[in-house]
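Next come two complexes, and both contain chain A; in the first it sits with chain B, in the second with chain C.
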Partner chain A sequence: MFSGFMVNTWTVATIVAVVAGVVGFFIVLRGSSFVADAVPQGAFAGAAGASLIGVSTLVGLGVFALIGALGIGWLGRRSRQDVATALALVVMLGLGALFLSLSVEYAPEIYSLLFGEVLGVSTSEVAPVAAIGAVCVAAIIVMYRPLMLSSVMPELGEARGVRSHRMEMCFLVVVALATSMSLPVVGALLIFSLMVGPPAAARSFTSKPLLAMALSVVIALATVWAAIAASYTSNWPVGFFVGALGAVSYGTGRGWAAWHRTRAARGNARPLAV
Partner chain B sequence: MTHLLRMIVEPGFFGNAPVRVALLAGGVVALVSGVVGMFTVLRGQAFAGHALADIGATGGSGAFLAGINPLWGFVGIGVVAAGIMEMIGIRRPRGRDVATGIVLGAGLGLAALFLYWDATFSNTTGATISVLFGSMFVISGSTAGVIVVFSLLALTVVGLLYRPLLLSSVSTDMATVRGVPVRITGLLYLLAMAVAVSLAALTIGAILSTALLVGPAATALRLTSKTGLAVLWSGLIGIAATWLGILLAYDSFYWPPAQHGWPVSFFVVTLVFVFYLLAQLPAVGRLSGARARRARNGG
Partner chain C sequence: MTDLDEEAATSLDAGTVASLSGAAMTAGQHLTGTGGDALTVDGISVRLAGREVLRDIHFTVRAGEFVGLIGSNGAGKTTLLRVILGLQQPSAGVVRIDGADRPRHAPAVGYVPQKVLLDPDMPLRARDLVGLGLDGNRLGIPLPTRRRRQLIDEMLRAVGAGLFGDERVGNLSGGEQQRVLIAHALISRPRLLLLDEPLANLDIRSEQEIVELLARVAREQQISVLLSAHEMNPLLPVMDRIVYLAAGRAASGTTDEVVRTEVLSKLYGQHVDVIHVHGRILVVAGRGDGPAEPVGEDGAHCAVPDWL
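Then we have the complex of A and B:
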């Protein structure tokens, strides 16, 4: 499990989990799970397009993820966010269907891009993933205060001079970068489960933002490591374990919060804010 | 004139049996999606609608594994997922967003496992693609009948719920004051949407299901503020996009690269998006006009 060819997998998976934990915290806080689902799915179409014109898959993913994120932001200025996201997603997927029909792509390859491939990480992929991951985390650290303000109290943020639309655009770009780099490892359909499950669970355990973010990284790491180990031994797809563990950790968090609330109510103590 | 018509409608379009089935089933699904989608947009449940379409893949691959008709897999998993979403869903929109995401993640994880088993045990990797993307030209005549019946059932439920649903979508507080059982109404609507969406996902694929659920309704809401009229527009726009898309896909068989049709979903999605952008134009014009007036008056 820890032999030579698996080292890349473990490295990349760890980076992905840290980034997913940090970025995912804000996704849950801002209620943008749909964006986190739509951007990687749309980016998948970019991979199909890249293989059609013969450039690197990672380039196709990145370009489409960025176009998708900016498109969602642009459409979202004039309509509701969820409608804008849905429209941007279907347009990209429609293009993806066209690319797939024009190319002679091999079905198992598409399957692994959708659902992830533990053994599909080559040494040349590690450096770009590490670089993009560092950029994402650095961007979140730089934006932390204004982003937090515009996520929790947009009106107060505007009053303090934080442009919420500009903040939204920056955040969407970070989501696009984070998803396109994690796509080859956990797959298009399940990145977002990693970005939603662990942070949502972490927020049930604590209401302190920094602690919740740290906890979310820890849960994401545990999820990814357990998923890879289980997938390696059972040969089942890694996406299944990520999805299942995400749901389990969220369920545990909700259960813990409910138990804590009833205990706090009985003891007449200050109830936990969830 | 005849020559021009020939160029637009390739010969044999209406005589082709798969095309006739696609026109019928696609039209019914587009109409139902358009009407049901009206409330999806009003209630801000586009994510749930998209998630239910994607989760259909879980039911489809599970049914494939169990050897039953995929129809029951799609509808069954849709109803179950909608129930779970409603059960763990929280009143606040952001909580609902996370609940939808968790259900979708778990569902897709299961789909990955089922598809892996499908590929291992039955040695047909093609199942992945057909389950995920769907194809309008492969619906059998008998399945089409069941799809039409179920879709009309979902339409009837939404029709019966129309007034309380509209009230609770626009203002939950007012609906509660008027004595509308908001929670039950929401649950019934979500179940009706689950049936409509999973049938659409089965018939025309998850991509088109989301496109037809959200696109025509959002376009119609731009065109008119009267809800009844908007429902009508939404259904009509959906049908127009679907039929035009099928026609173009049929014609595209003669486009480059030769002898290789372009996918229907690409055409329908593009048409839906173009309609939406066109409906934005008057609003943009008004906005810039108002801005120009303000600039004149102020300056």
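Then we have the complex of A and C:
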């Protein structure tokens, strides 16, 4: 399973996992899991629209992911983010339903956009994925401190001159980019689990922010690699394994944290942070 | 400090409370001399949702001064602090910091907000939050230098948070978080520190400790402190001056000048009594007839004596 065309699969999946781990860390920190669910699904509608008018689905993906993310940011300025996200999601899903019903050909491609198509990555896809991935990771590293400040306590950030709305917009653009590059590989429905599962698990293991981010990348990598290997041997969809492993790692993290807490409570010192 | 002279005191009786705070301010400036004003709030009015929440607020805070911003719930304390920070646009008036028109988000101002909601599972230790106070507005990932670590450790110890520096900040108690936030605000060595009800979550001992800590910081490092509270009594020993907010207006001066029956009655627009008992001050509404009601929360912690 490491030969020939599978090399591309491993490469792309590895990049996707790194990006999901890094971006997902802030998604969970900001409590924006719903955004990580809505943007990919909206992007999927874009892909459906693109295939309808005969444009590359990747273009449709990118455009709709960006429109969705910026729409959420724009609406979220005036109302609560979850409401804004729901609104953006509903509009884009509605469009997606329309596009799908209008398109005459039944497209297996659409199916693979929903659930991922890890085993058929072509060489030409590797370079763009690597480029977008690098941009995403670089952007998060550059924004790290102000983004952290405005994610944790927006008011403290504002007092230091970090405009929280600007931060939010920049972050949403990164989410849109990460979504567009990951979607063809893991599928619209499962980006969510890859962006939320590993970071949520990682935060149970450590209280150090940078370590949690690194751990989140490690867990995402382990999830994706194990999922591909399992999918290759069993012929079950890779999405199933990504979802299942995401849940398992999260459960393990919670269990570990609970065990650690009771152990710390038994010794009567303040619980040690790890 | 008695910077309100006879003249100002007379104008107090004749004029409105707004002019009272103006008088106190003028007198204050006249005495200022070398120190200079760390903060000047000049004629600030704020409209929120069509309602005038603050009306023509004047006061100054001088370098190294500890000023209490006292008012009951809804008096406009948070709104005023947000105006000073530049987070809220006033409908009139200007705020000057260090004599200069406020540049947007001057880094010279430290801020401890009132509402603190932190996710307990968040992978962020108390020391990380303090570190963000040092350089949270800069780009990139913080480099873990020895110097940075030392600064953070020192700051944590200085606010009595040395023991829980490595714990998740969201897991700390309200009072512990308060200390960490104070460290966050102080570590960038601001000239002016704004604290919004930092005593609200504290027990009496921590309350005293924090007040003393802030007073010491103000004195030793010449940081001006503007601290909002609904209860003035814990601040009486350390407060250089008071800004009393009620009904959208403010009176400022020393405690003796402001917390007086005539002044506060004018401010509230109804008769209130200022009562000194056991070194505490109670502000109570109502005239001998009818039931007495504590105004704001100052009296709320004490039973109102029967003879009132």
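In the analysis below, the second predicted complex is superposed on the first by the 269 of 274 C-alpha atoms of A that agree within 3 Å, B and C clash if a C-alpha of one lies under 4 Å from a C-alpha of the other, contacts with A are read in each partner's own complex, and residues count from 1 in each chain.
Here is the rule we go by: contacts are C-beta pairs under 8 Å (C-beta built on N, C-alpha and C of every residue); 3 or more make two chains touch, one makes a residue touch a chain.
Remember, it's a predicted structure, so these values are computed and weren't measured experimentally.
Taken together through their common chain A, the two structures put chain B and chain C side by side without a clash. When the two complexes are overlaid, the chain among chain B and chain C that reaches more residues of chain A is B.
Contacts of A:Ala222 after superposition: neither chain B nor chain C is touched.
When both complexes are overlaid on chain A, the residue A:Val242 reaches chain B alone and has no touch with chain C. Of the two partner chains, chain C is the only one that A:Ile141 touches; chain B does not reach it. Of the two partner chains, both chain B and chain C are touched by A:Gly31. Of the two partner chains placed by the overlay, only chain C lies in contact with A:Ser204; chain B stays clear of it.
Of the two partner chains placed around the shared chain by superposition, chain B is the only one that A:Thr85 touches, whereas chain C remains out of contact. Contacts of A:Glu158 after superposition: chain C is touched, whereas chain B is not reached. In the overlay built on the shared chain, the residue A:Ala97 is in contact with chain B alone; chain C does not reach it.
Shared-chain residue A:Ser193: touches chain B; no touch with chain C. Taking the two complexes aligned on chain A, the least Cα distance separating chain B from chain C is 5 Å.
Residues 29, 31 of chain A lie at the contact with chain B in one complex and at the contact with chain C in the other. For chain B in complex with chain A, the touching residues are 41, 44-47, 49-51, 54, 88, 93-94, 97-98, 100-113, 115-116, 119, 125-126, 128-129, 132-133, 207-208, 210-211, 213-215, 218, 257, 260-263, 265-266, 268-270, 272-273, 276, 280, 283-284. Of all the residues in chain A, the ones that touch chain B in their complex are 28-34, 36-38, 78-80, 82-83, 85-87, 89-91, 93-95, 97-98, 100-102, 107-108, 110-111, 114-116, 187, 189-190, 192-193, 196-197, 200, 236-237, 239-244, 246-247, 250, 254.
Note for the complex: chain A touches chain C at residues 29, 31, 141-146, 148-149, 152-153, 155-162, 202-204, 206-212, 270-273. In the complex of the two chains, the chain C residues touching chain A come out as 85, 87, 104-105, 107, 109-111, 113, 115-116, 118-119, 121-125, 128-129, 132-133, 135-142, 163-164, 166-168, 181, 184.
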